[in-house]
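Take this structure, written in structure tokens, and hold onto it; I'll ask about it next.
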Amino acid sequence: MDLFDLAAANLISPPILFFLLGLVAALVRSDLAIPEAVAKGISIYLVMAIGFKGGAEMAASPLVAAAMAIVAGIVLSAALPFISFNALRLTSRLPRVDAAAIAAHYGSISIVTFIAASDAGMAMGLAAAGFMVAVAAAMEAPAIFSGLALAGRREGEGGGGTMIREIAFNDSIVLLIGAFAIGWATGERGMTMVQPFFGDIFRGVLCLFLLDMGLVAGRGLRRSAGKLEWRVLVHGLYMPLIGAAIALGLAALIGLEPGSAALLMTLAASASYIAVPAAMRLALPEADPSVSLTLSLGITFPFNLVFGIPLYFAAAQWALG
Amino acid sequence: MDLFDLAAANLISPPILFFLLGLVAALVRSDLAIPEAVAKGISIYLVMAIGFKGGAEMAASPLVAAAMAIVAGIVLSAALPFISFNALRLTSRLPRVDAAAIAAHYGSISIVTFIAASDAGMAMGLAAAGFMVAVAAAMEAPAIFSGLALAGRREGEGGGGTMIREIAFNDSIVLLIGAFAIGWATGERGMTMVQPFFGDIFRGVLCLFLLDMGLVAGRGLRRSAGKLEWRVLVHGLYMPLIGAAIALGLAALIGLEPGSAALLMTLAASASYIAVPAAMRLALPEADPSVSLTLSLGITFPFNLVFGIPLYFAAAQWALG
Amino acid sequence: MDLFDLAAANLISPPILFFLLGLVAALVRSDLAIPEAVAKGISIYLVMAIGFKGGAEMAASPLVAAAMAIVAGIVLSAALPFISFNALRLTSRLPRVDAAAIAAHYGSISIVTFIAASDAGMAMGLAAAGFMVAVAAAMEAPAIFSGLALAGRREGEGGGGTMIREIAFNDSIVLLIGAFAIGWATGERGMTMVQPFFGDIFRGVLCLFLLDMGLVAGRGLRRSAGKLEWRVLVHGLYMPLIGAAIALGLAALIGLEPGSAALLMTLAASASYIAVPAAMRLALPEADPSVSLTLSLGITFPFNLVFGIPLYFAAAQWALG
Amino acid sequence: MQTTLKKRIEIVIEAPVIDRLRRVLDDKGVSGYTIVPAVAGRGKHGRWNREGEISDTGRMMVLFAIVDPSELDDMLAAVYAVLSRQIGIVSVSDVQVVRDEHFRRTRRADT
Amino acid sequence: MQTTLKKRIEIVIEAPVIDRLRRVLDDKGVSGYTIVPAVAGRGKHGRWNREGEISDTGRMMVLFAIVDPSELDDMLAAVYAVLSRQIGIVSVSDVQVVRDEHFRRTRRADT
Amino acid sequence: MQTTLKKRIEIVIEAPVIDRLRRVLDDKGVSGYTIVPAVAGRGKHGRWNREGEISDTGRMMVLFAIVDPSELDDMLAAVYAVLSRQIGIVSVSDVQVVRDEHFRRTRRADT
């Protein structure tokens, strides 16, 4: 498939269309809304399922390749904030602390983007290695420390040790790694036992979840996009491309196959909107949360979902296929 | 199958039995209750699923037939309130505004009744055309305007333009039409991708939802049925039959097959208990919400579910089969 | 399979591993948490599914055997509190009212433990009779009256008739018996209609639920285990074994097969943490709820889940197989 | 705007007895009340948190009722008679209301 | 600690009109408010309970806003103008706030 | 009925720092507090609404604590020291409580 076919196939897949439906519904101010508790419950399901499946596939993965991919992920997560920060300081008048907070979001990852990309890859027949789930888990936290360093913050301030604990035992990291470990421990046999729930209905549940994400992203956009400087706004569009490009280089270096490389690119390109915003409220309370959240959830998330993912798969296949 | 067999098959199907369980549990004052967030989440799932399936089946439907059915639905929704209003004013001492509010409920539809009827039709092998979903969506709103007219209200009062927007972008309409469009766009291929979630588990989820609806209907009945004048109460039993009879005539006129005709009858017979009550609180705040809600949710909904649906299918088959 | 194999198979099954993940996550103070509404919704699903399946299998069960098992269950539920109470009074300095409240918990049952044991039995190929669901329902309430008697309370106090009603129409009893009756009424045919929802995805949903139970149990333990006298604490470990042993004797007496006997043992061994705690707050408000809840949820529940269940299956097979 | 002095009673009470409390208020003819769910808290009985719980034991509900000052003592006495052994707290403050007719004491509420 | 007297307005209002109420407060430039969900209650219109409901009709929301005493009458008038025919109640009490600058009346809030 | 004057502190605070706030109150030996979830609101930082959200950032929680007047200044100082840079508001009102023994300041709460 070439890029155009990929993009077209992605655009007419039910998950992406439900996302767009949510986005449009929010923009026309429909009162459609999924209850918070249900949205949280579904996100827990999705993380469990993706973690479990990744673990169950670990039997097929060489551990050295996994270790190298994890290191590559950590490097990306820690390094990308420096690029993001400098780009923002150069192009906009954002205060240092706001630029640092945004930069931390871009080093870290969006697990939903990762899940959507895994699903898209599966639908295209470009499966990824199971260990990519571990890479995703490893990439959540390092960016936070880079962000704090960029803000000129010592670890002692704003919670210190407590905060490191809070980040490391962050709910999605614990769940992702735990489900991964369980999948690994129970293997094929475990997967068979839970296939109908964690496998068969997965894509349908993803549709429901992306509908909600579309609503959330759309409401966020409506509320505050107008208040963002355009130089900040475009950061949400070019920063994913920079991240993906660097990730593609690293993927080539460590010899990932196209499917896994596209996921590494997606991780690099995605921006956090759960773990990092919460950590920033604790560690950098002076940073305005609405700027970074609008950027990651309202701009970068839809961009990656609709355009980025097919692009990263096409690029990975072209460069490494 | 004759009417008796249909009724028996309907009565011993798990969805109806779970509904009756909920009804009985509420009447014996059990504290069984499904959390509000879960009930809302499930209703979103059901609407998405029914919309999507309807859309996916549109390939098989001639567009002219769809358009005629939609027009028939709009006519029913707009006209039935006039019958309901006059019947109430003639037989009871309800104030004008209350009669108008109730009438609006009976012109509009109950999407859950529609879903249960679709499922029952499928179980009987009497499938309906995919476009009946679009008919359901089209029938939600017109009755509201008839109701306002009957109350002697101009559009300017009580919100005006805002209200028209609120009704048109009402969450279940947006979701139903959106999912329908997505199903249409992705067709067979899309349906296969999400069949396990939107198809296979559908009837089981419906059982859980109807259990909740039974609880809600039963609690509503217990709370306020005693306070309703009996002339108002019986309106909840004969009005569905009037609606269904007129719908059967229209269905014959436009040449619907029995499965689709039974659904049109069900739509005409059903009364809204989500969209219209909310709209009435905004537009006709003097109307007592407990009267119309008890009638539509506590009387008409159980009546349709248990007796109406098999009756409408039997009549449609007898008249058009 | 011998005991060791059973224990090992149980320990590496996904449901138990997700439970342990939750336990560990809570102990390391992760903020992982499943929304209350979702947890309640899932527990309703599980009770519906287990009740329905039990009912659907009733065709295969002789009614006399069912009646005898139900009587055995009622005897256990009513009698075990006397053993628990005396053991606590003999070994600890707990006030009478607290000992009585704890005793009521141990006579009654934990439906989740029962569900996990049914699932484990199915995975081992040791299926149980459908009527064991009715036994579970019958065992919930009698222990409460024993507990009140032990506390020296007359029925008149603390609500009296109202309380008996509240207990008999307790939500999980109503749902379990209702779903059981529906399963029985619709039989094979009904089961086929809802198999994908109530059957296929059951074990996966159980994983999600046990993750939550692990989190709840772990948080309970962390909060209050340190405050429990160790003589009370060990009660949570030996009381299940006493209950299971007596149940095994009764099972032999009435001629249950191993699969059903293991479930009767599990019911006897399990302690309530939903119905009884709520009843005790109403009837014995002086009893400290944190003691009994920590014991049943933090000690006995994990013990049964991880060690007890394989032990009961092994013992039942050894004695009756 | 014409306002009248009323009393706002706020009761934090464990969930299993909320129905009993409602019955007391209904019997006393208290004209109205509203119940709001709490999600976490701390008191003499320790810390609690609702996340993931499936049982109602150990959760608190907040009930507030706006009543006429003349009814206050009666009502507090009734509440205490029934709930004195339960977990929870009661506090009372002054409020002004605008529509006074909303707060007439009724004989007995429907159930 | 330096404190200032403010008024705390508490509105219990049926859910379907909460958006209309928010619009009124936004238009009046009220500096802030917070909305808390109620789960059950009773009033002249009878008892209600949220469990298992899927429609918003019949549920109440609690909105409270802390405002300057000088704004109170204006605001109550506006609220009553719009909501007088809806189901709900309004009460006002005195509170002290510490950071006064938080409560300046703004011209018009963003939407 | 014998009542005692207490202070009711009401804090609207962004969710990510609620655990930090609880720790402060526990350290200060505040005898109790209750947390209620807000679902929507508006303030200087704009409008917010919980529907469908999956992150805790941008949501508010309402914590209220009934304390002895003598503890008030201490407690407010502690709260402000920790939370001054966070999003939220604090207000204080007078309430009467009936069971006074419920509100003795304890040394340090269990965690």
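Going in written order, the chains are labelled A, B, C, D, E and F, and every chain counts its residues from 1.
Quick note on the criterion: a contact is a pair of C-beta atoms (placed from the backbone, for glycine too) under 8 Å apart; a residue touches a chain by one contact, two chains touch by 3 or more.
On a predicted model such as this, the values are computed, not experimentally measured, just so you know.
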Angle (degrees, nearest 5) of the CA superposition of subunit D onto subunit F: 120
Chain of greatest Cα-centre distance to subunit C: E
Remotest chain, subunit D as reference, centres from CA atoms: A
Rounded Å distance, subunit C centre to subunit F centre (Cα mean): 38
Gap in Å, rounded to a whole number, between the CA centres of subunit F and subunit E: 20
Chain centre separation in whole Å, for subunit E relative to subunit C (CA means): 45
Multi-chain contact residues (two or more partners), subunit E: 36-37, 46-47, 93-94, 110
Interface hub residues of subunit A, defined as touching at least two other chains: 33-38, 40-41, 196, 200-201, 223
Touching residues (chain side subunit E, partner subunit F) in the complex: 1, 3, 6, 8, 18, 22, 25-26, 31-37, 61, 66, 93-99, 102, 109-111
Partner subunit A, residues of subunit C touching it in the complex: 12-14, 17-18, 21, 24-25, 28-38, 41, 123, 196, 200-205, 207-208, 211
Residues on subunit D engaged by subunit C in the complex (per definition of touch): 14, 16-17, 20, 45-47, 49-58, 85-87
Residues on subunit B engaged by subunit A in the complex (per definition of touch): 35-38, 40-41, 44-45, 48, 52, 165-166, 169-171, 174-175, 178-179, 181-182, 185-186, 190, 193-194, 196-198, 200-201
Subunit F to subunit E touching residues, read off their complex: 10, 12, 36-44, 46-47, 60, 62, 73, 76-77, 80, 89-94
